[in-house]
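Working notes, structure below.
Naming follows writing order (A, B, C, D, E and F), and every chain is counted from residue 1.
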Amino acid sequence: MAAKVVCFGEIMLRLSTPGYQRFVQAQSFDVTYGGGEANVAVSLANFGLDACFVTKVPNNPIGQSAVNHLRRFGVNTSYIARGGNRLGIYFLETGASQRPSKVVYDRAHSAIAEARTEDFNWPEILAGARWFHFTGITPALSDNVAEITLVAARTAKELGLTVSCDLNYRKNLWTPEKANQVMSRLMEYVDVCIANEEDAEKVFGIKAAGSDIIKGALSDAGYQDVARQLVERFGFKYVAITLRESYSASDNGWSALLYDGKEFYKSRKYDIRIVDRVGGGDSFGGGLIYALLAGKGPEEAINFAVAASCLKHTIPGDFNMVSIDEVENLVKGDGSGRVQR
Amino acid sequence: MAAKVVCFGEIMLRLSTPGYQRFVQAQSFDVTYGGGEANVAVSLANFGLDACFVTKVPNNPIGQSAVNHLRRFGVNTSYIARGGNRLGIYFLETGASQRPSKVVYDRAHSAIAEARTEDFNWPEILAGARWFHFTGITPALSDNVAEITLVAARTAKELGLTVSCDLNYRKNLWTPEKANQVMSRLMEYVDVCIANEEDAEKVFGIKAAGSDIIKGALSDAGYQDVARQLVERFGFKYVAITLRESYSASDNGWSALLYDGKEFYKSRKYDIRIVDRVGGGDSFGGGLIYALLAGKGPEEAINFAVAASCLKHTIPGDFNMVSIDEVENLVKGDGSGRVQR
Amino acid sequence: MAAKVVCFGEIMLRLSTPGYQRFVQAQSFDVTYGGGEANVAVSLANFGLDACFVTKVPNNPIGQSAVNHLRRFGVNTSYIARGGNRLGIYFLETGASQRPSKVVYDRAHSAIAEARTEDFNWPEILAGARWFHFTGITPALSDNVAEITLVAARTAKELGLTVSCDLNYRKNLWTPEKANQVMSRLMEYVDVCIANEEDAEKVFGIKAAGSDIIKGALSDAGYQDVARQLVERFGFKYVAITLRESYSASDNGWSALLYDGKEFYKSRKYDIRIVDRVGGGDSFGGGLIYALLAGKGPEEAINFAVAASCLKHTIPGDFNMVSIDEVENLVKGDGSGRVQR
Amino acid sequence: MAAKVVCFGEIMLRLSTPGYQRFVQAQSFDVTYGGGEANVAVSLANFGLDACFVTKVPNNPIGQSAVNHLRRFGVNTSYIARGGNRLGIYFLETGASQRPSKVVYDRAHSAIAEARTEDFNWPEILAGARWFHFTGITPALSDNVAEITLVAARTAKELGLTVSCDLNYRKNLWTPEKANQVMSRLMEYVDVCIANEEDAEKVFGIKAAGSDIIKGALSDAGYQDVARQLVERFGFKYVAITLRESYSASDNGWSALLYDGKEFYKSRKYDIRIVDRVGGGDSFGGGLIYALLAGKGPEEAINFAVAASCLKHTIPGDFNMVSIDEVENLVKGDGSGRVQR
Amino acid sequence: MAAKVVCFGEIMLRLSTPGYQRFVQAQSFDVTYGGGEANVAVSLANFGLDACFVTKVPNNPIGQSAVNHLRRFGVNTSYIARGGNRLGIYFLETGASQRPSKVVYDRAHSAIAEARTEDFNWPEILAGARWFHFTGITPALSDNVAEITLVAARTAKELGLTVSCDLNYRKNLWTPEKANQVMSRLMEYVDVCIANEEDAEKVFGIKAAGSDIIKGALSDAGYQDVARQLVERFGFKYVAITLRESYSASDNGWSALLYDGKEFYKSRKYDIRIVDRVGGGDSFGGGLIYALLAGKGPEEAINFAVAASCLKHTIPGDFNMVSIDEVENLVKGDGSGRVQR
Amino acid sequence: MAAKVVCFGEIMLRLSTPGYQRFVQAQSFDVTYGGGEANVAVSLANFGLDACFVTKVPNNPIGQSAVNHLRRFGVNTSYIARGGNRLGIYFLETGASQRPSKVVYDRAHSAIAEARTEDFNWPEILAGARWFHFTGITPALSDNVAEITLVAARTAKELGLTVSCDLNYRKNLWTPEKANQVMSRLMEYVDVCIANEEDAEKVFGIKAAGSDIIKGALSDAGYQDVARQLVERFGFKYVAITLRESYSASDNGWSALLYDGKEFYKSRKYDIRIVDRVGGGDSFGGGLIYALLAGKGPEEAINFAVAASCLKHTIPGDFNMVSIDEVENLVKGDGSGRVQR
């Protein structure tokens, strides 16, 4: 029986311009659906787990299309609440070389942002599950959702689930002060903390010495220090930090660090030609959750997670559609890209 | 010097599924922009007038794309206010045969719906103009916008412009009671009233005897009666009623009636194979405004308006991209569709 | 709890030329997946039932894509066997006017055609279900599959399920003689028999007096006679016959007849502008199964089934993506295709 | 050994807007290649003849693409001359309902229009051929090409080939006076004359009494009279007149008349839902040439030609891609458009 | 009030194959419009100036589409003359890696090439403007256009405008001798001269010592020498030279040099992954004109121009659609391409 | 008169996902046709030879489309046999960066795999030809086809043709043991042997010392050793080995080695940004055959072949559409990718 994992958050309609077009020249948008925790759920479903995604979507064809998109990839959508006024939207213009990708959010007033506590029966949703996952985006949606997230995380903890959180700071949704306050409360229930090279500072004011994000100069020692501080402050079992070196919108370096409170495990680093960078961090989270659930050791786990998310960068859309075998092959060292017949 | 016409209302991002796809199967949306008064402005620009469209759009690339879309067709966009949070959106699934087209609105909280009186300097905007046009959708957006519309219409009247209004009842935006109340106040300034076969009843409770919209059985006498009541109640110079016979989503009959307070002028009727029905009514408005401004008599005017909007039904998107010549040719009787080389 | 229905058969990769192109000019194919019983399962899932589709697909990304396509629309795919060499394919060129649509089959040696009895545990699959459905295509795939179908139908009968069969004669798969022999054995377990205007003659040699399919001249009396003979020979509870009048590849008349052994119920007839005719018969089956399961009487049931399949003809792809509400609206008489806002 | 047929004329790059878009809204054009005689050559190649198309194309990738397009459908392109400056272009906007299709020509200064007599070695080109075909478009391209056409037709006659000409008057290329003068000289060598309902009047001033093209009211007696006058003036063996009834850009009636100097043969008439009307007349010519070469009698020939061109109207692009079997099936009466499996 | 800038030249229909296809395999072309000075005008409009583009286009839908394309991006098109026979066309096949992009011109006989002096009223067009821009392509179109350019440049000079010229040598349009003769006369009125690494030699025989374009080995000293010679011969206020290092069709180095008669200013160099290289030089011109008009110093100006054109290489189509902010961000050093949310 | 070359093998329908999509997300496939020897034939036709491709395709529109695709590029298809049940298919998912391209074969039971000796009259097919080419894929299709290949190669040898074979080991079609046995017999007739860095070991057990394919570490000495062993065992006139260094799915190094029994000739090496890698090896074969037929010396020949295939990697589809001039330009050293106007 596949392990049940529950992810809670928002799924949005994603509208992206085709072929590197700018918004002002587009006459069609590619349509898909995505969101931090939804992307994790799809990763996990592809790895064979019983991945449940919990959210609220409006009772209209756009909401249904989001559900269908998740179902297509095997995500369990039976706990999704219906109602509210709209599905959040984000517009994406894919960058290249020195031109950055651009995201325009239109997510206010979404069904999930206006959801209410009674929309979700957490004891029922979490029954039989082994893992609960959310990101820092979810409690930022509204005070109500922050409260719902708290209930969910607490219930998960009480039921003995492992709880993970990807800090994922979004400056459009809240201030660092508000984030710090809300997230600090939530961290109480979190076992596994995932962050990128900026999140810890933005959310908790924890700085990575010796790093300058714009220039992409990352210091390992600095990130180890951040991880250590996070564990000290919140008592996490694991802290994972993704390390993106943005050479340009087309080429990135990608690696990560895992800290188990004792040792630091640095993954292999991949130099990636980017097809679609959005959802890259989420696919790391998906890889890590799977690897830890599958009983891999920390070194194996961090390498699995980084390889999984390396592959995501080559796939259009938010979702990571890779199998365990494909990830393992990359972990074993074959990044040669030879045609597989 | 081309006559200046000012249209005030909302422009939305229109996202439609290609090739008769249902929403749940689409992986791309065709992108265009449209809205009742914007569509009229494009019609008028195509007929060579100095058509100004007034609205408020957000300061982001989606708002800019809407402006660009209007500029492309020669609309004067210099009075458009910038600011607010989002551009309204509507999703369109094009029907066929017995399956109706489906519109899903996501327009709440748009920049224009949340616009404020000080966003528009009406004496400046209307200076030198000959005509002001709005629809019943605009005051329905919010109380604020209803107020702005009132200011605009009153100012237009004071400056001696002709004022036209397409009743365009939208049940998602307000109730008949609210509509009646707000619109009745606005009608004070209106010279030319445009309605479809349902609007007069929905907005003002004025019923067309002997018509049943679902079945498409329209009685001329009934509509004449409606037009007469409208003139009696509000003192319009002209009432124009479009008469759509919906045989199916693919085929419609299309004609209209013009009443100048004395005589009734019934247009020729066209049986149309529909390519895109949305914006059909607006193109009628555009045709009528142009024809009246150009000094055509009522019979000529109603036939011009109906022919213009007949052609719109064959063009994808909200906008009617036809020239005066093309309309005149159809008016003269050539609907044979022979290839023009 | 939604009623469980089990459908057994083949799902194929469907490759169709876009925009009325002929095969020899196409540089891309639209991709979807479909098959007689899979299409029924999608219809039923859209009507809210727990629709299970049972088949065998190869363990490769093409097989997985077929599964994903079913999951997207809510079909339960957990009983699908994996293995074998290939997924069957059919190529479709959509016709227009006097040019017929053309189907090229490439289905031999598919995973399901080469499936073995032990691939399916019928008592487990059918446990808790209320209905079992198959078509005449499935036993025609191979002797093995004919045997599996027999086991499935017999088990269903033993477990007290209602069993339905759409005769669906395919001349490329077997001869009338072989069909007669195999199908006659299967009919023993069938309660509800669905046929088009040709099937009864092709499979069982039962002729509809007074009908000429090419010319589309259909006689009601003739079809009543066929239905009566079918009931007499096989003891069905219901016989449903779809009546297609092919005016051209673009326009068809569509109605059906239901016989409950006592009375004949003739549905309303629809004149349809066709978007995609493939899967039209299957959507009728889906509508009929739903209607009977929902406890509708025969007249209501046949009208629901015909309206559902009328709508299918307006949707690209094999699958019917309509809701109960949409079908009911059409049944109630609104085929006017007015935009739904 | 397949009969060799030689067609001489222009092939142009055809750029058409997709999906009924108007020129001003298109961001892509569908690309194909076509022209009166090239279209006939493709028809004949599809019917299994050794169809040679003779023209001159520039020595650049656009010229080569035109050649490749012909080769794809089996046309013999080995006599095509290379050189000159450009390939002629025509832009096509496909109309619908009351909106006519629109062709914008950009064909001046093409390689063929500026070709010289020495570009073509007619005795070699025509060696072993049974038929030579040209249209009234070719001599209208330039005085030089008119001269080349004359040489070709005369050589063909001397070598015992049957010569056919489709009058095809193009008002953008020459005046009726010039056409009359040049074409009259060419008619000396012509055995089979093809015309539409306007050509005889435009080119030779021969009027069809009782017909009004715009209104589509065609009188059989009138066309018989035109055919008779043509035979009298030029001594043709056959005159074929296509009769198009343009109900709209979406629907046409289509039939033809053949006169062998003694009897009149009226074809069956087809009511066509149009996919692509351009090349419709050429596909008639191709059908007629094949039918006469295949030894069919006049009644059979005219029905074959009309059925072939009826099918063309359902195929996108200039070329008619149908087989003899497909045409024969339609001739035999099956226009029901039933799916062919 | 935004500064008025006038650009004079040709705008062409651009037809490009999608997805790196070669011409011979394309079945659709992407459609946009562009040309040296039109591209500059779009850049300037995007930077907020009142950019007027002056040309002549035919009175047909293709000409109108070119106008619409400019209007869409805010270019003032009110001085464009109408008439003539055709719009020039260029076909583009986008290269990759070792395969170069290929341009096939079909621009002879265009409306602008055949324009006459009386088509343009320069005193009116230039009234109130601050800058006039043209390229070496425009006078190469025909003797007539060379004369018109001379009138325009002289008038601009007389009215006190700054005049800029991008040398832009096109070997298909004229010989070096002719270019030298015509351009030398025009240089009399030019203040700002823009050239790429080949132009000065091709047009004026001025050689850059130590550079070999094919191999991409560029010597700074050599280009300084070229700039110095240009200033000496023609007395320019500024000479700007773009320096492209073509590693392959997919990757280029891009920088530039500005000489103000005293000092040399070398820009930062960008290594670019190319999306669309066409219009790259024009976007440099647009950036430079804006920067100088905005009062930036030479170092700032050359860096703004290079950054603007660096971004252009990442945008499909001829036009550079970037804002001042986006350029400034890149100038400030952020070429990391991080997603902007 | 162009030299006649005969290529024998399979042509398949190629279905590839657009835009780096994975199979599970595709809703359309790009359609082309290709296969080892067919790709060589297209290369040769593009180089101006009379390239004949011999195979067997089914008598249906899919088979005909494959033939048309070859004809489009000038391949002589007159010896292609018709019959059998299906055309082989391969599905292609284009990889990027660390994600490899994936090929799913569905080629069993194809017309050519089930072809019979009497389908091909080799003395007639090979009459007048100078060269016969096949690959190791063809005899692997079935024992029957192995036998037909043997007849063809022997006949070619008897008629004095040069015979070439690309070893092309396919692990899905046969085992190394079977390959060794069948291929060894065929090598008796082969003059020119082409192999990639793996084939010699897979087919004949001949190992290249010092090379590790996954890691891409290739030793020249090792490959020279392989070439020497091949000549010793089979007496080939030439052995050519292609050397691919797979840095990733997006970037490859590409070079080759030619051994004429005396000297080793190492080509220039290209670092390629890959557009489409499939058919890369075949385009090398096409380049080599052309170069040797054209009388180039070994050094020139190997450089021509490598340059030709370098360009292929930049072209979508299996076919190499380059001219002799384009290859020569690259050989001469211009890989700068500068726009060619």
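One rule holds in what follows: a contact is a pair of C-beta atoms (placed from the backbone, for glycine too) under 8 Å apart; a residue touches a chain by one contact, two chains touch by 3 or more.
Because the structure is predicted, anything quoted here is derived from the model rather than measured.
The pairing of subunit B with subunit C is characterised as different-residue: of all residue numbers used at this interface, under half are used by both copies.
With centres computed as the average of Cα coordinates, no chain lies farther from subunit B than F. In terms of their C-alpha centroids, the spacing between subunit E and subunit F amounts to 44 Å.
Residue positions of subunit B touching 2 or more other chains, listed in rising order: 18, 22, 24, 27, 68, 72-73, 102. Note for the complex: subunit D touches subunit F at residues 68-69, 71-74. Across the complex, subunit F meets subunit E through its residues 18, 72-73, 270, 272-275, 307, 310-311, 313-317, 319, 321-322, 326, 330, 333-341.
Subunit B contributes residues 19-22, 24-25, 95-103, 105, 170-172, 213-216, 246-251, 277-278 to its touches with subunit C in the complex. By the touch rule above, subunit D contacts subunit E in their complex via residues 15, 18, 22-24, 26-32, 60-62, 64-65, 68, 85-87, 89, 91, 93, 102, 104, 106, 108-109.
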